[in-house]
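Going in written order, the chains are labelled A, B, C and D, and every chain counts its residues from 1.
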Amino acid sequence: MTNYDAQEVVRIHQELRERLPRDPASRVEALEKILTEKGLVDPQSIDAWVEAYQDHIGPKRGAHVVAKAWNDTGFKRRLMADAPAAIDELGYLGRATGHLKVVENTTTVHNLVVCTLCSCYPFSILGMAPAWYKVAAYRSRAVRDPRGVLEEFGVEISNDIEVRVWDSTAELRYLVLPQRPDGTEHFDEDALANLVTRNSMIGTDRDLKVTALGEG
Amino acid sequence: MTNYDAQEVVRIHQELRERLPRDPASRVEALEKILTEKGLVDPQSIDAWVEAYQDHIGPKRGAHVVAKAWNDTGFKRRLMADAPAAIDELGYLGRATGHLKVVENTTTVHNLVVCTLCSCYPFSILGMAPAWYKVAAYRSRAVRDPRGVLEEFGVEISNDIEVRVWDSTAELRYLVLPQRPDGTEHFDEDALANLVTRNSMIGTDRDLKVTALGEG
Amino acid sequence: MDGAHDLGGQQGFGPIEVDSVSEPFNEEWEGREWGMAQCALTPELTIDWWRHCRELILPEDYLTRPYLDSWAQTDFATYIEAGWISLEEADHRGSLIEVDEPLDLPPTVSVEDILKDERNHAVRYHKVVESKPLFSEGQNIVTNKEGVAGHTRLPRYVRGIKGAINAYHGTHVFPDLSAQGKTTHQHLYSVVFACADLWPETHNSKDKVFLDLWESYLTEA
Amino acid sequence: MDGAHDLGGQQGFGPIEVDSVSEPFNEEWEGREWGMAQCALTPELTIDWWRHCRELILPEDYLTRPYLDSWAQTDFATYIEAGWISLEEADHRGSLIEVDEPLDLPPTVSVEDILKDERNHAVRYHKVVESKPLFSEGQNIVTNKEGVAGHTRLPRYVRGIKGAINAYHGTHVFPDLSAQGKTTHQHLYSVVFACADLWPETHNSKDKVFLDLWESYLTEA
């Protein structure tokens, strides 16, 4: 039974520090071995979860949502009003998107998403978070120097654009709706989706590139 | 020439991280080798400095100051009013004691010294700082939970005693004057000095033990 | 708690490795840890307790160990605190396992099961409660100056700062108490702060930072 | 700057190893570093600039590397920033040293020299200036709510907090500017804070914390 005893957890962390191997692979292997022998986890189910997030659940989903919002004003309206319901139409509702919120880039606004306290991320729609999203350098600086952070990503934000940083401190998760690039009037949803980068949906990319085949 | 360029120093730290060996002994060896070859340091002078702080300048000096203050009310008055001048009488004025301040324990007051921002310490009178004084655990907690810290040192402070924590944020350095133990009325200065522990002059020790020979 | 996890505005971490690649999993163990976190049986606990246990990792480890490794560390800690596995079992990496009463492990899942079932994992943390929200859109507020000793979701960089209500989100589970195993609900708001009010070097900035904050973190300005 | 060095009140570091022994030097390299710091020729710099360079060490290194090792790191950085040694020379650990113009290294010192000369190293940072101190003993003050982007000696845990003047220390070198190479002086005070005003869990405490703070860190309460 969980006792919610923080002092005890501090003691456990210290003990584990001495007792567990130092390399992450061995630590996780130990955890899987213990849980499996205890009958608390099924390694084949883990396999399936890895495959699900390796091959099926990833930023392509978010890109589809964005492309559909560009292409279908009714969907966009529903997405901005109630994102969980809208992505549910596409079968993308799931882990960490029960309180999804979409924030829209415009000519005068740029949005950037961070979680300074842990590394909250809308899994079911963007898959696993990129490594940079979880490091202290990004988490600490996104709220203090967002323009400097964007510069490191090669994104120059002119002074007349307002930067809005969304720090995911509650159970809401944020998806940035990037601007539709010019010259894509005749692109279908698939071609549009190909233009949408993962970073543009977090806000560390802004001006999407248009390629002949719509491959961004 | 020092340019006072913080951005450049950040870059240097990052470069050094990649370039310098990871173990401290090799790093310091590299520094000494470079400075010696550059003619910026004389290894024999380093030897002398090590010997000075190994064998001559240490907490025995502080203990002498404390014992003299217990035994000589004139000295104590001068010490409390102008500690640098008073310790200069004993030949102990030096590094980091130019603005020394003495704070006195009483039956109702206990003093504890810390430096939360770096690890400032009155070198010329207490020698090298103990390892625990410089670790994050002490620096972070001394100002937030001084009684908890003292408990870890085996010091129980009753509720009617006020704890005063001195965080050395400027160039002042603090020396705690512990209480003279009972039953030492006939001890001479040497015997008294033997009772004074290093920790009692930082404040992580309080009730000094009296032994038959005055050996604490 | 004022811990190493509370990173907003902390300085000195250097540049971001923006090109760190090979997602979704950089190494195999990352996938294993992620998968375990999704399908292992766990003692009854709240997400906020789990987060707090992650925050309680020693700062030097929190800042130096990979993200999903800190999940593994947190899983170990929550299992051990709940008495489901022992420190000795962790120590011997499985060779000493004692199973008292086998638990009812659900059948193996396939990728198809996962994809079909995913929408049921869109946890909703809100609840309709009778009380009326204290604040309304556009209203000026000031955040609490003080932290709390345990888990909280009011980061240090927005304590004692003036902001305004951007939107009302309804009532959500209150994390400070949820981390102690007590489920209560509180009005939640999107609150907007001017960067200029947060940092000494951004006084000319017109940029904004938005946080989702619970009602008891706020008072009328 | 809000860096990892600003440790007052940070939580999660666990117990203190109170018995860590074998001072003064636990290992030989500690003595060498200490000695070097005392007698090597250095470019002209201020103690506050050196401290700031130490604060700029990456947080994960600052929290995990031994104390005197961080001195060595800081020495390297200050020598390199001043152009006295190059990154390449640091890299090759001495094998590539180029000496442009040999400096005038003082004669070798003996222990006797050191002990005789020590009182001349009692640096005094104060200076008599004409301006009158703004505050007097017993007066209530409140500390600045905001930090500064560079070096400062107003720790984060006492920002925006009410306290009282305990004593006046005269005028001392102001570290925020000294860290930028500018020597100015400012009135310095011993300021007392109630623990009860600092931390959420100590509201019943009657304990006190004293800090030495410069006049521009304070305003009348």
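Just so we're on the same page, a residue touches a chain if its C-beta (ideal position, glycine included) is under 8 Å from a C-beta of that chain, and two chains touch if they have at least 3 such contacts.
The structure presented is a predicted model; accordingly, all values stated were derived computationally and were not measured.
> I need the common contact partners of subunit B and subunit C, sorted by label.
D
> Give me the chains shared as neighbours by subunit B and subunit D.
C
> Quick check for the class: compute each chain's Cα centroid; which one is farthest from the centroid of subunit A?
B
> Going by the touch criterion at the top, tell me which pair is linked by more C-beta contacts: A-D or A-C.
Output for the comparison: A-C.
> Let me have the rounded angstrom distance from the C-alpha centre of subunit C over to the C-alpha centre of subunit D, please.
That gives a centre separation of 35 Å.
> Taking the mean of the C-alpha atoms as each chain's centre, how many Å separate subunit A from subunit D?
About 41 Å separates the centre of subunit A from that of subunit D.
> If you average the Cα atoms of subunit A and of subunit B to get two centres, how far apart are those centres in Å?
Going by mean C-alpha positions, subunit A sits 49 Å from subunit B.
> Just how far, in Å, is the C-alpha centre of subunit C from the one of subunit A?
14
> Listing for subunit D: what residues touch at least two other chains?
Those would be 9-15, 56-60, 63, 199.
> For subunit A, give me the residues that contact two or more of the other chains.
Residues 10, 14, 136 of subunit A touch two or more partner chains.
> Once the touch criterion is applied, which pairs of chains come out as touching?
A-C, A-D, B-C, B-D, C-D
> Spell out the part of subunit A that touches subunit D in their complex, as residue ranges.
10, 14, 136
> Taking the complex as given, what residues does subunit A use to touch subunit C?
Interface residues on the subunit A side: 1-6, 8-10, 12-17, 19-21, 24-25, 27-42, 44-58, 84, 88, 91, 93-95, 97-99, 116-119, 124, 127-128, 130-132, 134-141, 143-147, 149, 152-154, 162-172, 204.
> Can you name the residues of subunit C that touch subunit B in the complex?
Touching subunit B: residues 12, 14-15, 59-60 of subunit C.
> Would you mind writing out the residues of subunit D in touch with subunit B in their complex?
Going by the criterion above, the answer is residues 5-11, 13-18, 20-21, 23-29, 31-36, 38-45, 49, 51-54, 56-58, 61, 63, 65-69, 72-73, 75-85, 87, 89-91, 93-94, 97, 99, 102-103, 105-106, 108-111, 113-115, 118-119, 121-126, 150, 153-155, 157, 169, 172-173, 175, 179-181, 188, 190, 195, 198-199, 202, 206-214.
> Over in the complex, which subunit D residues touch subunit C? Could you list them?
Answer in residue numbers: 1-4, 9-14, 55-60, 62-64, 145-149, 156, 160, 199-201.
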